[in-house]
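Chain IDs A, B, C, D and E follow the sequence of writing; residue 1 opens each chain.
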Amino acid sequence: MILQVQGVSKWFGGLKALSQVTLDLPQGQILGLIGPNGAGKTTLFNVINGVYAPEEGRVIFMGQDVTGKKPYHVAHMGMARTHQIVQPLNELTVRENVMVGACFGRENHNLNEAQQIAEQVLEFVGLGDRADQFAGSLNVAQKKRLELARALASRPKLLLLDEVLAGLNPSEIASMIQTVSAIRDQGVTIIMIEHVMHAVMRVSDRIVVLDYGQQIAEGSPEEVSKNPKVIEAYLGDPKLAERLGRLSHD
Amino acid sequence: MSDILLPSLVDGLLLGFVYGIAAMGLSLIWGVMDVINLSHGPIIALGMFGIYLIFTNTGLNPYLALFVVALAGLLLGMIIYGVAVHRVIDAPHLSTLLATFSVNMIIIGIGTALLTTTPRNIDFTLGSLSVGPITVPWTRVAAAFATMLVTGLLYLFLYVSRPGKYIRAVANNRVAAELMGIPSARILALSFGLGTMLAAIAGGLIATFFPFTILSGGSYELKSFVICVLGGLGNPLGALFGGLILGGLEGLTPAFMPTTWVPVLEFGLFVLILLVRPSGLLGSKS
Amino acid sequence: GGGAPAEEAAPTEAPSSGVSEEPAPATEAPGAPEAKEVTLKIGFTASVTGKYEVSSAAQVNGLKLWMDSVNEAGGIELSDGTVVTFDYIFYDDESNKERVQELYTRLATEDNADLLISPYSSGLTAAAAVIAEQYGKVMITTGAASDSTYQQGYTHVFQAYTPASRYLTGAVDLLASLDPNVTKVALVYENSKFSTSVVTAARDYAEAQGYEVVLFEGYDPETADFAPFINKIEAAGPDAILGGGHRVDGKAFAKQLYEKGTPIKFFALLVAPPEPEFAELGDAAVGVIGPSQWEPLAAFTPASAEAIGATWLGPLGNEFVSAFEAAYGDEPSYHAAGGYAAGLILEGAIRSADSTDPEAILAALNGMDLMTFYGHIKFDTSPENHGLQIGHSMVYIQWQRDASGNLVKQVVWPKEGATAEAIYPIR
Amino acid sequence: MMALLEIQDLESGYGEVQILWGVNLSLEKGRLTSLVGGNGVGKTTLLRTITGTIKPWRGSVRFNGQEIGHLPAYRKPDLGVVLVPEGRQLFTDMSVRENLEMGATNSRARAHAAQNLERVFGLFPRLKERESQRAGTLSGGEQQMLAVARGLMAEPEVLMFDELYLGLAPVLVLNLFETLQQLKREGLTMLLVEQNVHMALSVSDYAYVMAEGRITLEGPAAEVAQQDEVKKAYLGI
Amino acid sequence: MRALRSPGLWLALALTAAAGAWPYFTGSASNREVAFTILLSVALASSLNILLGYTGYVSFGHIVFYGLGGYMGIYLLSERGVSLWLAVLAGGAIAGLLALLLGASILRLRGAYFALATIGVNEAARAFINNFQPFGGPIGMTLNFRLYDHYGGAARALWMVYGVMLGLTLLVILVSYLVKNSKFGLGLLAIRENEDAAEIMGVTAPQAKTWAYVLSAIFPGMIGVLFFFKNGNIEPHDAFRLHLSIEMIVMVMLGGYGTVLGPVLGAAGYQRLRGMLLVSPIFKNIQLAVAGGLLLIIVLFVPAGAVGWLRHRVPVLRKVLE
């Protein structure tokens, strides 16, 4: 198990954003994390990588208890993430943004190595021709790719992807899915938050569904998509869901 | 010693009101526009001279003159905003600091040339109020009342009135405010004007009981920084509260230790509070 | 620095020779037969901006008035026929130390000033003194009362003011003469260089006279609100208060002490009271005593010079006052008189040296025993305190109401110069 | 039918970089129009130019026959031209409720603010639950709901959405689908800018396709969806 | 080292060295004094830039390090009789130490609150020294003129101090450059742009910030000793003058924050302008207002600072102007 989340709860004032969430993640898998808006998915990421300390429960990463450890601590151990609401380093160039990931991530590269890694990774995500631009001048979709590039540059063991597909058109989604699979094939374990159902269903080995901070379902994509609780809370009316499914699978 | 505690506390608190109103101006501009107004001190001093000049030349009651000074402060602020700040409000971080610093230099430079640094005093008194061991000049009591009134009005304005909410919206996200139909440039000018108006009022009130020079605003500016932290940025009630704490502290400290230690304690405590409650005593936690 | 600077700087290394190598007209060979005119340049910085602006401006006005009167009178004629006139050059020091040395170095080297006057305030003067001494330029200090500057081994710096250590001692004497029964005094002071030196000396003096110092406490220089401090003073229950600091805080202190109705018999305050604008305090000013370097009413005459065997120089007090009023429109303060006196000191030194040679002027200053409208001038020449003023002493004024109810300043001490009896007790 | 908003030969960009190269587009009254196109082709830039956040370089923007291209951004909502911007642009330090109030600042919407508030709370019950929470702490999807709701509060005549569906859970996407139909029935003119080309084309009446700062294709949505180039480029088929 | 081959570094060093050599060529003590003021500002601004420009933390009270260093140095010189060299090192050390202690605590604060805390620290330090008798309390300390004799008399001593100042300034610029072009510097820049994101990417922000703070404090501490040694005396209000602190920020912003050359140009330009106005026959009586007006014009029309503006306007210069 590369990651174990054991009975994690997180409150915001009176709001219990996460309630006794438990999951185990074997190396090399892709875990899909889905659920309605405000279910606590991003919050779970924040707890896993140390942005928030949970009130209850433990997070164990690569056999070490990292509950309440700072984000940079887990980053050094090999955890990287992207942000749903993009966080570019605006007044640095795209390349420098990625170099930060390479320099301070798991492999602790020096500047020269980091620069080479940055070039590779930027090519990989399709931002190669924008390397010298300031990150602030990218548009939102490009910034999302930059997020991914930074995360990859740190050569992570575990990658947390928060809605990387949002804002991409279907053909772009298709290519991003390939990218994600390729990353997994390099041995990186991935947790992926997504609302683009057909994509999650296609790449995930397993899916966890959150609703109001509770784990309401867990299983293979097949199982989860048939789960009535999931259909009610997340997919909506089954008939419409079916139609939606058709639309997405065309 | 106990017989000096009460009078000193009263003295300190009364002054605290005025500190509060001075800080409110700084806090408003800082909290709302993210502009650290380094011309705050000189504007406080201009407020003092406003009252002084009106009073010595026309004999008008200082409290009536305060209305004139307030209005002039508002206009001056809007002009300063238009001339010196607006162009750089979107420029790199801190450019506005330079802009207001230049305004500071200009006001102090011209002010020194025209008004000299001779200490001035308004020969105006309402007598003193004596209750038991406490003797306080009425002017200070009046200033406290004026401050409460202004604070109340400002609070209502910011949190209830429409333009007040616009101010907070523009402060938070200018692009969005424009998209919602809010004329951000005008709103920013208004905010800046309000901030300087408060500074001018504070100066006017101080002038009714302390002698001053064109440079006297400096120490109130410094205290305003402290108070902003005690009360949290952008919140008028917080500023008032912070002012009272500072005033109370200044009043009581001399009873327990040499008076020269007041600033050590004041600023030491200030840093300490910042460390414990990083967004101020009244600010939201974390 | 490497070798180059030392070589480059060689001319300035030895202060005394540095000056003689200057191509200053003053040092032309004495044998020249026809009468020459020599213009000596006086350099200084003034606080055109910043907190010392007012006092500094007065000082500069006084100095200019002296210069104009000397120049208009055709200059100083030396026995060899040389006529000495003066010119000045000054820069703004902004009331802070950052550039004082830069500007004085410029005055001493670029501008070739022959003689220097100090900036206003002890702090700035201390920085300027390093430069004056280094270039071997005579500097008359005025508006700089601290004793410490004259304890650093300087040989070219001479003080026109009565030093801080003797600022308030006369007030103690005055109190003793008014009421032998008073024993409790409070010494309260601005926690800054000048006032701390003054009250520390005054405390020692008062204690030596048998007074009980019931409160000896400073307040921060930025203080505007004295109310809590006054409460503390009241609790200590002194009969007399001595101390203060500068102009703004002094005014605020006096005003609030009055408003609080503190029962006090005697109140002597530094710096603020002699200033004309102190009258703006109205009733709060009445009875306040202030030490002053000089007052328009002080009457030093050639006769008083003779009495102590000193040389007399310059105008009488009333002549100075009317000339000053004619030139600038208002009554001169002691800072203005100090500026004029600094000029007179230079003039006296040149006259007695009968030369413009810097060494000769220096020697004349060391031996100076001069009386002017400003009072007696004599310098300590011991190595420990060289340049310290030992001739001059303070006068003490008190604000009183005259017959028609107007506020006026009266000299109340020393007895010989007094123009009125001191009001006592004041409350 | 008449065009409520008519855009002709519009050119604009950032600094010296030109992004739009003569865009022609018109929104018929009461119709739901969508604008689709790949990443970075200038869709957002077009919306910013229409609202006045950036100034048009050339060309015209007419609303109800009146030229509005030169007006500053804050004048547009008064006319009824409202944008739900990309990246949401919420007042993150203000509460959910205050954000909604700020939506209704223009002169037309003020009077009906209370009614409209009821309505959007009906559409997004989650916002009602979070009424006094600071907008910046909402989840991504909740923020998107708030942005849409705030746009509706402005009582627009023309409502433009930049990436309406971004980050919304499927269940909400379906709800919004219904909502759009409802708004259309009420006579609202809408422009939908989307990456989700399937969704956009399936809900709208008319569609434009944009590439490299120009409109390359237009027509009824169903027809556009059948075009080979569209299928290839955007539908991933 | 790739960094040492950068034209940007050499440009900044060469400009400073050329300006610094000017008094040596003219042999003029007056020029030396002018240059000293400028170098002092360049060094202060460049040090501050490490924190303000690279890390994005606005230290309003940075002058506390200069003041404290100065006090420590003068104390050692006049009361303990140590040599100037030791005093300068001690000044730097005490400043660095204070920054280290403070860093662990106040660097947790963000944005405006950090700025305010630094003001508090400066004022508290000033007020404390004002009451601290070993350092002379309000009277401060004065150096005996004979002390300069150890350094060949006052004249030589001042040339020597100038030489040290020049060396120190070049060192600060070098350090500033090395920091910017190091991995450490990249971490600082990331913190400046978005501290939370930087931490998530693995930048150990608390540590990095603290070291940036310490670095930016050491030099002002050493410079303080030099200045007050030259000045001959030290008093609390001169040592902890908040105004100077603000001027440091102004200089950094004028030249362009976050660049190596920016603070150099900004400080030199600002001091030159002020220096010229002070001695200008026309303006000297209202020099403050005129300087303010000029500053305002520059700020309004070149808000990114000189270097920022040049980099923007003339992209080819980006390689040269770091």
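Note that in this section contacts are C-beta pairs under 8 Å (C-beta built on N, C-alpha and C of every residue); 3 or more make two chains touch, one makes a residue touch a chain.
Treat the numbers as computed from the prediction; the structure is a model and nothing was measured.
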### Task
If every step must land on a chain the current one touches, say how few steps get you from chain D to chain E.
2
### Query
In the touch network of chains, how many steps separate chain A from chain B on the shortest route?
2
### Task
Could you tell me which chains make contact with chain B and chain E both?
C
### Pair sharing more residue contacts (C-beta pairs) when B-D is set against B-C
B-C
#### Entry: Farthest chain (mean CA position) relative to chain D
C
### Distance between chain centroids, defined by C-alpha means - chain A, chain D (Å)
28
### Query
If you average the CA atoms of chain C and of chain E, how many Å lie between those two points?
36
### Task
Would you kindly tell me how far, in whole Å, the mean C-alpha position of chain C lies from that of chain A?
76
## Note on the structure
Separation of the C-alpha centres, chain A versus chain E, in whole Å, is 44
### Task
Hunt down the residues of chain D that sit against at least two other chains at once, touch-wise.
none
### Query
In chain C, what residues contact two or more other chains?
48-49, 191, 218, 220
### Query
Of all the residues in chain B, which ones touch at least 2 other chains?
108-109, 112, 222, 258, 260, 262-263
### Query
So which chains end up touching which?
A-D, A-E, B-C, B-D, B-E, C-E
### Message
Per the contact definition, I'd like the list of chain B residues that touch chain E in the complex.
### Response
30, 34, 36, 38, 84, 87-88, 91-95, 97-99, 101-106, 108-110, 112-113, 222, 225-226, 228-229, 233, 258, 260-264, 266-268, 270-271, 274-275, 278-280
### Query
Contact residues on chain A for chain E in the complex?
49, 51, 70-72, 75-76, 80-81, 83, 87-92, 96, 99-101, 103-106, 110-112, 114, 150, 154
### Query
For chain E, which residues are in contact with chain A within the complex?
2, 181-183, 186-187, 189-190, 192-194, 196-205, 258
### Query
Which positions of chain E touch chain C when the two form their complex?
23-24, 27-30, 32-34, 36-37, 127, 130-131, 137-140, 142-146, 148, 152-156, 158-160, 162-164, 230-233, 235, 237-238, 241, 243-244, 275, 278-279, 284-285, 287-288
### Query
Of all residues in chain A, which touch chain D in the complex?
12, 34-43, 84-85, 137, 139-142, 163, 166-174, 195, 197, 233-237, 240-241, 244, 247-248, 250
